[in-house]
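These are the structures, in C-alpha cells.
Heads up, the next two complexes both have chain A, just with different partners, chain B and then chain C.
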Partner chain A sequence: MGVNELLQVTNLSSSFQTEDGLVRAVRDVSFHISHGESLGIVGESGCGKSVTCLSVMRLMEQNGRIEADSMRFEGRDLLSLRERQMQKIRGNEMAMIFQEPMTSFNPVFTIGFQLQEAIRLHQGLNKKAARNASIDMLKQVGIPRPEKINDEYPHALSGGMRQRAMIAMAISCRPKLIFADEPTTALDVTIQAQILELMQKLQQEIHTAVVFISHDLGVIAEMSERVMVMYAGRIVEIAGRRNLFKDPKHPYTIGLIRSKPDMEIESPVLTPIPGTVPNPLHTPPGCPYHPRCEHVMDICRSTLPELISHEQMHQVRCWLYDQQGAVHGS
Partner chain B sequence: MRIYILRRLLQVIPTLVGTTFIIFIIINAAPGNPMSTLVDPTISAEAIERRIEQLGLDRPLLERYGVWLRETFQGNLGYSTRYRGRPVTDIIQSRLGPTMLLTFSSIFLSFIIAVPIGVISATRQYSKLDYTVVVGAIAGVSIPVFFLGIVLIWLFALQFGWLPVGGMMRAGARYPSWFAWAFDVLRHLVLPLITLTAAGTARFVRFTRSSMLEVVRQDYIRTARAKGLSERVVIYRHALRNSLLPVVTILGLSLPFLFSGAVITEAVFAWPGMGTLIIEAVTTRDYSLLMGTNLFLAVLVILGNLVADLVYALIDPRIRYD
Partner chain C sequence: MEADVMFQLKNIQKFFPIRTGLFSRVTAHVRAVDKVSLTIRRGETMGLVGESGCGKSTLGRTMLHLLSPTSGESLYKNRDVFSLSTQELRKLRRELQFIFQDPYSSLNPRLNVSEIVGEALSVHGLAHGRERDERVKEILSVCGLAPQHAKRYPHEFSGGQRQRIGIARTLVLNPEFVVADEPIASLDVSIQAQIVNLMEELKDQFGLTYLFISHDLSMVKYISDHVAVMYLGKIAELSSTAALYKDPQHPYTIALMSAIPSIDVDAQKKRIVLQGDVPSPSHPPSGCYFHPRCPYTMERCRIEEPKLRDIGGGHLAACHLVQQGGGRL
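On to the complex of A and B.
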C-alpha cells in the first residue's frame, strides 16, 4: 500500500443506535483504492456495503456513528474534517450513484436544475455556463435530446434514463472517486447491460476511481479489478478479480460463486447457500458465517479469525487458511 | 386544465343540492319554528297561525325545499325573519368582510409562524426543543377555542384593560380619520386573532413537522447531501418544498375546521361576522338565514378543496390535470 493511495480506510466501524439496540453495520473494515482503480464490494443484502460507502462520505443518518483509526483521502483525514470542508469534497472530489433512480432525484426540480446545482456549487460557473455544462454531461452519458431532457422533471424519465442522469450528475465535477451503490440493481436486464457499459466507458475516459457495489458477482466480475467480499459487516476476502474467481478461498465466496447461475466453475450444479444472513443485532459469536458453513470447526464457533494475507494481495478471514486454525482442524 | 376546472365546477352543483337538502331536513326536523322564539305574549295564536301560513311553513317539506332551490338558482336566498325581512344575501354580504379579515389573517399568521417551527423541530427530532414544540402543539389543539378566548378576555381586557372585550369597533364611535378607524379595528382584532391563530398554528406545526420528518428520510435528500450542498440548502430548498405539498392540501381541507373555530371565536368576542350570524340564525330559527349561511359554508368547503387541488398541481410538477 503506497503513500499515494487515493483512499485509505483503516479499521472503520459504523453502528446505528436503534430502538432494538445497537446495530453494528460495519466492523473493522480496512481497504484502499488507488487513482483510477476499480474496486468491487460484494455480499448479500444487509452485509454493510452501503454503510461502508456512506461512512466514507460521512453521509450516515443521525443515529449512525462512525469510528475508524483513519480514513485518508489524498492525504486528508476525512474523520477530522469539519462538515463544511466535507461538503467541498462531496459531489466534487467524491461522488455517489445510488441504487434507486426512481427516488434519488428530487421530484420538484428539473433534471437540469439538479445537475447544475452541483456544477455551480463546486465550479463557480454562472447560470448559463452551468446549463451548458449540464447539457454536455447529459450528452456524454448518452441521453438523447439533452437540451429537452435538461428541462424535464424526473418523473418524465424512465428508470434507465434517470440512472444515466444520475451518472451525469456524479461525474459532472470530475470526481476522483465514485461510489456506485448497486447502480443497476433496480433496472431490468437490458438496461442494466447498457448502464454497465456506459460506466466502463466513462471510467476509461475520465480516469476516475470507482468503488462498485453489487450483490451480484457477475456484475462485479465485469466491473472491478479488485474485489472485496463482505459478510455481516466484515471483510471476509479481498483479492484481485482473477484470483477471486479462479481461486476463491473463503467458504462464503465459494458459496456465492456456486449460487451464481452464469458463472463457470468446476461444479456445474447450482447450489444456493443454505441459511440466511444473521440478524445484525445478534451476530453469531466466532466466525459469523459458521452457522452456514460446510467446513465449520470447533474454533469457528468461538473465535473470530483474523483477516490474513494468503498470497500477495489475497486476504482471507477463515480458520481454514490460518495456521492456528490448521491446528484445530478436524 | 381549463376543462378540468370546468368539470370540477359542474360537480359542485349536485354536491350543493345534496348538502343543502340534508341541511334543510335537519333544520326542519329540529323542534320549534321562527315564531316559537318570539316571547311577546300579546300576539294571539291566530296571528301566529296566519304568519306561519304567510311564510309558507305549513306546506310539505319537499315543496318548500323545491321553492328554496328554485329561488336560490335565481340568486334569491330569501328574507330573514330575525332581521325584519332584510334579504339574506344582503346580510351575508355585510358579514363577509369581518369574517374574511379574521379567518384569512389567522390562516396567514398560523402558516408563517408554524412552518419554521415545524421545520426546526423536525430537523432536531428528539431534542428538548422538539419535545417542547410537540407538547406545545398538542396543548394548542386540545385547548378549546372558547376557553382560550375567555381566558384572554379576562386577562387582557378585564384585568389589564389593554384591549377591548369584544366587537369590531367601539359602539357608536365616529372616527376622525381612516387611520383611527383601522387602528381601532386592529385593537379589536388582536384577541380573537390570537385565539384562532393558536389553534391553527398548533395544527400546522404538527403537519409541517410530520411531513418534514417524512421527507428528510427520502433518497433525494441523501442525493442532495451527496452533492455537497450545505445542510441549510438541503433543508430549505430540497426538503421544505416537498414537505409543504401535503400541507397545502391540508390547508384546503381544514377550511371547515378553521371556519368552525371562527364561529366559536366570533361568538366569544361578538365579532360581527358569519360565525355570529350563524349562531343567531340557529337560535332564532331563522330558516332562510340558516339555509343561506349553510349554503355559503358548503360553497366555501368545496371551493377550498378545488383551490387546494389546483395549487397542488401548480407546485408539484408530477401532477397534471387534463
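On to the complex of A and C.
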C-alpha cells in the first residue's frame, strides 16, 4: 500500500437477505484510491457498483451485510468504527452525490437549511456563519442568485440546479473523498455537460478524490483517470483510462464498447452482447460472464478466474489471459 | 405530392391548457409542439432528437392522433389523419403503430404474452382461435422470443425481453409505419444494441417506416436516414443524417453534439457548454427560442423568429446566422 493511499478496500463482500433468498451484490472487491485521484466504476444495473460505495460509507439497509478483510480510510479501519465515529466521517471527510437529487433532498426543508445542517454539525459554525458558508457554496457551484436559492425549497429548482445544490452540499465540508453515483444520469445532455465541467473544476480546486459511478462509458472516459469494470458483483477489469478504452482485455469490456455507437468513432455495425445480465439470485457458476461470452472455454463454466495483472496497472479476470498475459488457445 | 411520401406533417401545433383558480380558467398554454412541418418517406427512418420537454414525444403522439391536435394537418398517404372519423381512424390504427419507452408499464401485468400480442389481432378482427395463436407464435420467434414464453406473464421477463414483447405486439398487425418513442432509453447498454439491431432487421423484413424518437444522438446517428432536431416545440434543424453529423449548422445542434461524452480518449474535442436551463414551454422567449442560451446571439435573434430555411441540398436550419450553402455570417 502506497503512502498516498486514501482508501484501501480489501476483499469486500456485501449481501442482502431478501424474501427470495440471499443476494450477493458485491463479491471480493478490492481497490484503492489515492488523494485527489478519480476512479470510475462502470457496469450495468445490478453489477454492484452502487452497493460497493454504500458499503464503504456503511450506508447499507438493515437487511444488508458487509464483510471485508479491511477497509482502511486514512489509516482508520472503517469496519471497526462505531456508528457515532462513522457519522463524523460521513458528510465531512467522505460525501456522496446521488443520482436523483429530487429524492435525496428533504422536500419540507429549504436548500439552505439542509446545507447548513451539515456545515453546523461538522464545522461547529454558528447559524449566521453557516448561512454565509452555504450561500458561498451555492455561489461556488454556479447557482445564480444564491441568496434567494438558499431560501428556496427543493421543488422550486430545476434538475440541473438541484444537482448543483447536491454537489454544494457534498463539498461543503471539503471532503477528502466523494462518491458520485450516476450524478448526471437523470439530466439532459447539455445539463450533463455543465455538471461534468463543474465537477472537474471543483475536483482541481479542492483536490478531492472522486469515485465516479456510471453506466455510461463516455462519461467515465471523461471523468476518471482509472477505470474499474464490474459484472455480477465482481471486478472484471481495472486499468488506466487510456489502456481500458484503447486496449480493453475482458470480453465484457470489449462487448460494452462495441454495443454502443460513439459520436467520435465511426461504427458501421453494432455488436450487442447476447443474453441478459444474470439474476443476482442465480449467478452462473464459474466465470459469471461465460453464458454471454464469445470466447467461452470449458474451464470458464466451472472455475472462476482470478483477477490477475496483465500489465502493470492493468488487471483482468479472464481465463483468456494467464499469469504471463499470454493468450490461451489462440 | 410525391409517391414515396408516407407522412407529411403541415404546421402541427399542440398546446396544452394550464388551468388555475377556482373556476379552472385557462390562464396560459404549454406550447408543446409549435408549427412543425416534416416529411417522412416510405422505407426510411426519421430520427427525432431533443432534450426532455422539447415536444418530441408529443409530436409523435399527435401525428397519429393519439392526442388531438390544436391545429395543422397530418397527411398519411394523402389522407388527413386529423379529419378522419373514429371508425376510419380505428381501421387505420392497424397500419400506424407505436412502441413505448417503458416496457414495464406498457404491458398489462394480468395478461400473458400470447394474450398481449394476440389482443391486437382480435381487436382488429384479423385472426381468431388457432390462427391467432399461430400468428402470435410466428411473430414471437421473429422478435427473438421462444415459444414457451407465450404463456408467461410480463413480470417474468427482463427489460430487454419486455421490449421484444412490445415490438411483437406492434408488428403482429403488419403495420406500415411505427413511431418508436425512446424504445431503448430504459434498457442496459448491452441490451440497447440488441433491440436496435432487431428493429433494423424487422424494418428490412417487413418494409417498415420508422419515426425514431430519442435523446441519444449517437444511437439516432446509427439508425436514422434523416434527423430532425427539436428545441422547445420547434424544429431547429432537419437534414440527412450524414450531412447533419458532418456539418451541423444550428448552434443548438452543434452544442448538443459537442456535449456527448466520447470514449475516444485522444479526441481533442472542443466542448461547448450551454449556459442555463431549457426555458419553460409555457413562457417561451421572444424571437428565436434558443437566443437566451445561444453563444452567438445578435439583436435580431431577440426580436425576430428565424424561419426553417433550406441552406442547400435539403439541409434545413432555423437560424439567422446560417447562410445559404452553409457556414455562419
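Keep in mind that, in the parts below, the second predicted complex is superposed on the first by the 313 of 330 C-alpha atoms of A that agree within 3 Å, B and C clash if a C-alpha of one lies under 4 Å from a C-alpha of the other, contacts with A are read in each partner's own complex, and residues count from 1 in each chain.
One rule holds in what follows: contacts are C-beta pairs under 8 Å (C-beta built on N, C-alpha and C of every residue); 3 or more make two chains touch, one makes a residue touch a chain.
The model shown is predicted, which means the values in this text are computed figures rather than measured ones.
Enquirer: Is the arrangement of chain B and chain C around the shared chain A a clash or a fit after superposition?
Expert: fit
Enquirer: Quick one: chain B or chain C, who's touching more of chain A?
Expert: C
Enquirer: What is the contact status of A:Ile89 with respect to chain B (first) and chain C (second): first, second, both, or neither?
Expert: Only chain B is touched by A:Ile89; chain C is not.
Enquirer: For A:Asn106, select first, second, both or neither according to whether it touches chain B, chain C, the two together, or no partner.
Expert: The answer is first: A:Asn106 touches chain B but not chain C.
Enquirer: For A:Phe98, is the partner it touches chain B (first), chain C (second), both, or none of the two (neither)?
Expert: The first partner, chain B, only.
Enquirer: In the overlaid three-chain picture, which partner chain does A:Asp216 touch, first (chain B) or second (chain C), both, or neither?
Expert: second
Enquirer: If you stack the two complexes on chain A, which partner ends up touching A:Ser14: first (chain B), second (chain C), both, or neither?
Expert: In the superposition, A:Ser14 contacts neither chain B nor chain C.
Enquirer: Scan A:Gln116 for contacts with chain B and chain C and give back first, second, both or neither.
Expert: A:Gln116: touches no partner chain.
Enquirer: Scan A:Gln140 for contacts with chain B and chain C and give back first, second, both or neither.
Expert: In the superposition, A:Gln140 contacts neither chain B nor chain C.
Enquirer: By the touch definition at the top of the document, which applies to A:Ser30: first (chain B), second (chain C), both, or neither?
Expert: Once the two structures are laid over each other on A, A:Ser30 reaches no partner at all.
Enquirer: Once superposed, minimum distance in angstrom between C-alpha atoms of chain B and those of chain C?
Expert: Chain B and chain C, overlaid via chain A, are at closest 6 Å apart by C-alpha.
Enquirer: Under the contact rule defined above, give the chain A residues that sit at the interface with chain B and also at the interface with chain C.
Expert: After superposing on chain A, no chain A residue contacts both chain B and chain C.
Enquirer: Taking the touch rule as given, give the residues of chain B at its contact with chain A in the complex, in rising order.
Expert: The touching residues are 125, 218-220, 222-231, 238, 241-242, 245, 315-318.
Enquirer: In their complex, what parts of chain A are in touch with chain C?
Expert: 44-45, 158, 160-161, 188-194, 196-197, 215-219, 221-222, 241-242, 245-246, 255-265, 267, 270-274, 276-277, 292
Enquirer: If you look only at chain A, which of its residues touch chain B in the complex?
Expert: So the residues of chain A touching chain B come out as 57, 59, 62, 83-84, 87-92, 95-96, 98, 100, 103-109, 114, 117-118, 121-122, 153, 155, 166, 169.
Enquirer: Across the complex, what residues on chain C touch chain A?
Expert: The contact residues of chain C facing chain A are 51-52, 158, 160-161, 188-194, 196-197, 215, 217-219, 221-222, 245, 255-265, 267, 269, 271, 273-275, 277-278.
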